[in-house]
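Letters are used for the chains, namely A, B, C, D, E and F, taken in the order the chains are written, and counting of residues starts over at 1 for each.
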Amino acid sequence: MSDNADYVNEVRYQRGQAKIAEFSKGPSVTDSVMNTLNKVAPHMARQAMEFVLGDVLSRPGLDPRTRELLNVAVLTAIGAELELKLHANVALNIGCTREQIVEAVSQQAVYVGFPTAINGIKVLEQVFDARDAQGVSN
Amino acid sequence: MSDNADYVNEVRYQRGQAKIAEFSKGPSVTDSVMNTLNKVAPHMARQAMEFVLGDVLSRPGLDPRTRELLNVAVLTAIGAELELKLHANVALNIGCTREQIVEAVSQQAVYVGFPTAINGIKVLEQVFDARDAQGVSN
Amino acid sequence: MSDNADYVNEVRYQRGQAKIAEFSKGPSVTDSVMNTLNKVAPHMARQAMEFVLGDVLSRPGLDPRTRELLNVAVLTAIGAELELKLHANVALNIGCTREQIVEAVSQQAVYVGFPTAINGIKVLEQVFDARDAQGVSN
Amino acid sequence: MSDNADYVNEVRYQRGQAKIAEFSKGPSVTDSVMNTLNKVAPHMARQAMEFVLGDVLSRPGLDPRTRELLNVAVLTAIGAELELKLHANVALNIGCTREQIVEAVSQQAVYVGFPTAINGIKVLEQVFDARDAQGVSN
Amino acid sequence: MSDNADYVNEVRYQRGQAKIAEFSKGPSVTDSVMNTLNKVAPHMARQAMEFVLGDVLSRPGLDPRTRELLNVAVLTAIGAELELKLHANVALNIGCTREQIVEAVSQQAVYVGFPTAINGIKVLEQVFDARDAQGVSN
Amino acid sequence: MSDNADYVNEVRYQRGQAKIAEFSKGPSVTDSVMNTLNKVAPHMARQAMEFVLGDVLSRPGLDPRTRELLNVAVLTAIGAELELKLHANVALNIGCTREQIVEAVSQQAVYVGFPTAINGIKVLEQVFDARDAQGVSN
């Protein structure tokens, strides 16, 4: 790939890092995922930073809080507990309320069934307890 | 079940019908689902009206447009094409923009993969084409 | 594989065929699946006959009607519409009632959500309509 | 909601509690789920009691043992391990045999594949071991 | 985004187009997906070209035929019939045999169950029939 | 079942055992799964040995390394972490490289989304760390 290409990936990478910084205004978002990717599959770490954060989650057309509520709902629906924990924290960090997040999860009982929605609530319990222990305001 | 119980189910049923009316301000929402349920499993038709519409989708805590964007995202993620078509229309009927809906669907490429997200976009194409053919404003 | 091996597979194959015959006491069960397998992947046709029908569905420990209700419930849950249609017919052919089958499907609204359960009910509508058109008693 | 409405929800709630009592004739069914829901999303605790237990699982049309075998099969199929553990205990508490439950799980190798069915068997191993340790008869 | 950024995306876009050309050596791969994306969600069309084709499927580390067999297997497993049809054609176009593709699909009966694997075989039947009708050699 | 039948199942069983031996040339493949099956559902232990290993994974038409890469990809896609750990070890034991396995997993970000693919990478991290700790060459 040419130098120009590397430069531009850097642009996307930096946009991804800015997104990470925005997400981490409150309690720091776990970077254990990035550590694993950098160690085992570094190209995925770059894809996560450039494509997921730099391209998709940085897009216009939806306000960031709504994007994060969508993530909370979908991650509940697909049972991705690790990422749900991460994005529930992000959503709270950027100003969503706990009530909104509980609604985004509990509504999924209708769409993916009670067992999956209840698993999402159990993840929220851990997130809320951890934030309470840290003395975070929301 | 006592008369009182029947009366109260009627309360929840009417709240569900009010939700249906709210959802149908624009092009009418398909009632083919309700027809099938009333014919084959009438108790599910009541559950859909009372529990889904009267209880869950009528809850406070999230504005109705955000609730519908969540539904659009989750129905994309689980590949429920019939219900996605229905709720994409509901979302547009209650004031979401096409751009918001496209974002809610396309963002899922990150979370459930491109094939599933692309299927969602194909459903939106049908919804938008049908609304254009009907001369609906959004 | 030795002649003995072929002979024994024949035993399992015949037990599978006996199961098919039991399943087909009423309206004939579609063999379009078997035709496709025999044409494209004949080893899967043998696996379906020997392993699925000859081994698993012929096992003791559950009465055949309960086994078929389990199949109806699980095939609803995983959205396997073609196989749900087939096994709903099998269940009715071996003596399950329509009410039991509707319950087995509609109960899944709790466990996998309303969209998936409703899709199951739509399949049942087709099955019941086809059997009514054929003048089958249940 | 009117007093009448509250009264009727109480009727559904009590029917749900009766179902819980029926389910708990043997070793007590874990209430950790209810504790979490009451703490984080109390409306879901009520929905679980009124809708899931009071409405759906209290319906006529299928005997309770068959309903529970369906739950065991479907919860295996969707990989809901926590709820599978709960409903395997319920099934045994209301009179299903271990053999029936093993069949309901192992049959799913055909329908959702061996990895998922094997995970179900691993849950059963935990359930059976715990009941053996408690000296429960089945 | 700067001019440089646009240029580099063009590099990735062209690498994606080269991949498309490689995939289409035999019967042309359907572009109906790209048409829909360009019409409804043009940013997804660019993501598909740049990220999916230009980045991921152009990576070193696995030969292209093995990558396509993986796609055939995974698309079978997740029930993505439209994309399975597309990638089965791609796999044949770049030199995989029909036997390899049938094995990649039929093996999934073990891992995701017979209904899903059989659906994959039905897609292959359509692909093989269409190629036979077009007089393609494999 | 007749003596002949038992004999032939023994043939398939031994073919399954030969496959296990082939898979275990390097670090031994965990047999905790077989222990659980033999204890709780011994008929599934035989099915795993005869059908999965003796029939399907012993088929011609695909070289064993490609079969295992397919397993790694599909087990990632369906989130079967226990079996992914097992088959990633098998793949390495029979000569696949770590790079190939990382590609087989990371490519799935496109097809089933980043959360599921990242979970796969986390499993690989455990597998690689364990093999490093054991001093295995690949």
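Here, a residue touches a chain if its C-beta (ideal position, glycine included) is under 8 Å from a C-beta of that chain, and two chains touch if they have at least 3 such contacts.
Just so you know, these numbers come straight off a predicted model, no measurement behind them.
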Each chain counted as touching subunit B and subunit D at once: A, C, E, F
B-D, B-F or A-F - pair sharing over half of the A-E contact pairs: B-D
Type of subunit C:subunit F copy interface by residue overlap (half), same or different: same
Computed distance of Cα centres, subunit D from subunit A, in Å: 32
Centre distance in Å when subunit C and subunit D are each reduced to the mean of their C-alpha atoms: 25
Separation of mean Cα positions, subunit E and subunit D [Å, integer]: 42
Where subunit D touches two or more other chains, by residue: 43, 47, 51-52, 56, 59, 75, 78-80, 83, 102, 106, 108-116
Graph class of chain-chain contacts, one of line, ring, star, complete, other: complete
Complex contacts: residues of subunit A adjacent to subunit B: 51-52, 56-57, 59, 61-62, 66-67, 69-71, 73-75, 77-78, 80, 83, 99-100, 102-104, 106-112
Contact footprint of subunit A on subunit D as seen in their complex: 33, 36-37, 39-41, 43-44, 47-48, 52, 75, 78-80, 82-83
Complex interface listing, subunit B residues touching subunit E: 79, 102, 105-106, 109, 113-119, 121-122, 124-125, 128
Subunit C to subunit F touching residues, read off their complex: 1-2, 4-5, 7-9, 11-12, 43, 47, 51, 55-56, 59
In the complex with subunit B, residue positions of subunit F that touch it: 108-116
